[in-house]
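Report on one structure; see the data block that follows.
For clarity, chains are labelled A, B, C and D in written order, and residue numbers in each chain start from 1.
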């Protein structure tokens, strides 16, 4: 079993993205599954193209994307991606679309196909705070959540995908007021636990 | 140089107190200063008595107390203790005083005597979020902040004291919604950095 | 032009629901449109049935539902309803479904068909805080957001619907700690402004 | 009985200060007490001078100052002022002192002398959210809280003073994200209730 795990590059003035750092910190094998790591640009469409290319090359069973959700306190497993780009800040190529469909012919939204409740449960068993989220926003994170679900549904019906949002790293909030964070060690342990839940479900 | 570092036992239904865990995790020597560790009951007056006894026995140069501030995101170095016990929950002996002076003959409040800005700066240099707080509340944490300042001012004018509030541990917020936390590793590193700032100032 | 405006009855231990109070406070005509007011039970399916019955009787052009979002600071116009009931508290009939589709044959989600950005803009012009929300949750509010969209899409393609979440009333948060609220006067003025935006768009 | 009620002018880039608006909206007599209204500049020392001048002219029995606490959800009655100016933004004259005592010869802090719990209770009876606060910050609001207490304690021992922080007005948060506010009507009703509690206590 192969799992493609993606992490975005830094955006919004940050010099680091906890998602990319966490992906880099993952072991190469988790619960027997081979982990393929991919850095993804925080740019609409280009992000999806980079992931589509990696799927074509590596033929993974699962695509799990990780993104930064600055301000959240815990690891949040997203339930759904919605078919709209509505950016309140520019992406890394300067795009700032408003109420623009990601895929004009696609459905309004797509539920992710990974076992979100089992993933949350597995992270919590490690004593790491986690919960289900019902919105991945309308920025590039949602773009990838929806876009990968749409790609798999239309081209690779046997593959599954999902998205996990993670808090800032502590170093990112030193100058921010009252902003929660999570250490790289816990983030790595949490994402590893989530991947274990994915493997267990796929194996059933 | 000797520093007495105190940590409260768990209260308010928690099974662990990050303050006590952090104190236990500190090395026995920091920047050349001997660290004396003390567990303190989360009980008004009794907490102060235990600290007063330890001061009498160990004759420390500095008393640094650590307490849990559930809901805060960063390590907060307290600026002041105020002369009032006004508990919204019971302490571990069932006391729940309302607007009761800690020391009827004492001043309304006392500034701590440790270098709070230097302590925050030193923690932040380790890339760990920290800030000054202007209120230690009106529960046992403030009781100790004020009470120790008052004790030193009246009996041991050469000694200094202060208080640091720390966030929940991640394990404590697994079942809490949207609540920030900090790992024991970062807490320990942060408190160690704060103690370094204290030693540097004392050495000047 | 006729607009059916619905408000839920109190739930979750509250004795009042700001949505119902606001609906009751609306004038009978707004910008020339007739306002039909409907109280809706906070119960899955039953809520939708009551609305479906009212649509059959009154034949409105627009269905606008209002619900309480305790903890939010501003009036939030929902963008989408998703096809899942996943209640963390029981509804008023004791139902507590987990990850249950609202409509097993329906799409994963449906965008509301009202002009959400124009509605937000119109409320803000009245100097009342408002924003777009990308999640109506997974309780009865989302059930109605999705369910009404699904009903109109399949049975009444010419009609439009949407959902607005509003904060607690001040009286509801007197005993809650650090919880935002909004006065009934502002809520009524805000919802009236949103309805003006709906009428303007329909008239175009 | 005469009560001097003060409100600051706008600061920090705001075009309005809810404190000043609320003070202007108060009736001229509350529970039989004459209300003297005073606009105060958000400038250290100058604020205190303006209040001291008004005390000399009007000889009030009570001085109640009102200030904006952006981000708070409810009306907060302050318990204490502390003897330090430590501004994170400049006041309206460009002053930005760091850790500077307000009154070098004064005590570290002074409890306000108004009945804070009775004031909170009276506001809550009007179904308006209110609570006691243990920190007025370290900006001009605290400067006035401490400074007036110190002035009265040293020059006018028979007079009493206190401070109330209030949330933003709704119009101030239209462009701010997730920020609580309170309508001018509720603020005025809340401060009026607090003044009733003051009059009742003074009459006893």
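Convention: contacts are C-beta pairs under 8 Å (C-beta built on N, C-alpha and C of every residue); 3 or more make two chains touch, one makes a residue touch a chain.
Because the structure is predicted, anything quoted here is derived from the model rather than measured.
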Chain C reached from chain B - shortest hop count over touching chains: 2
Any chain that touches chain D and chain B: none
Chain whose average C-alpha position is farthest from chain B's own: C
Centroid distance [mean C-alpha coordinates] between chain D and chain C, Å: 39
CA centroid of chain A to CA centroid of chain C, Å: 30
Centre distance in Å when chain A and chain D are each reduced to the mean of their C-alpha atoms: 47
Junction residues of chain C, two or more chains touched: none
Chains grouped in pairs wherever the two touch, ordered by label: A-B, A-C, B-D, C-D
Residues of chain A that touch chain B when the two form their complex: 72-74, 124, 127-131, 170-171, 173-174, 176-183, 185-186
In the complex with chain B, residue positions of chain D that touch it: 79-80, 82-84, 86, 99, 107-111, 117, 132, 134-135, 137-138
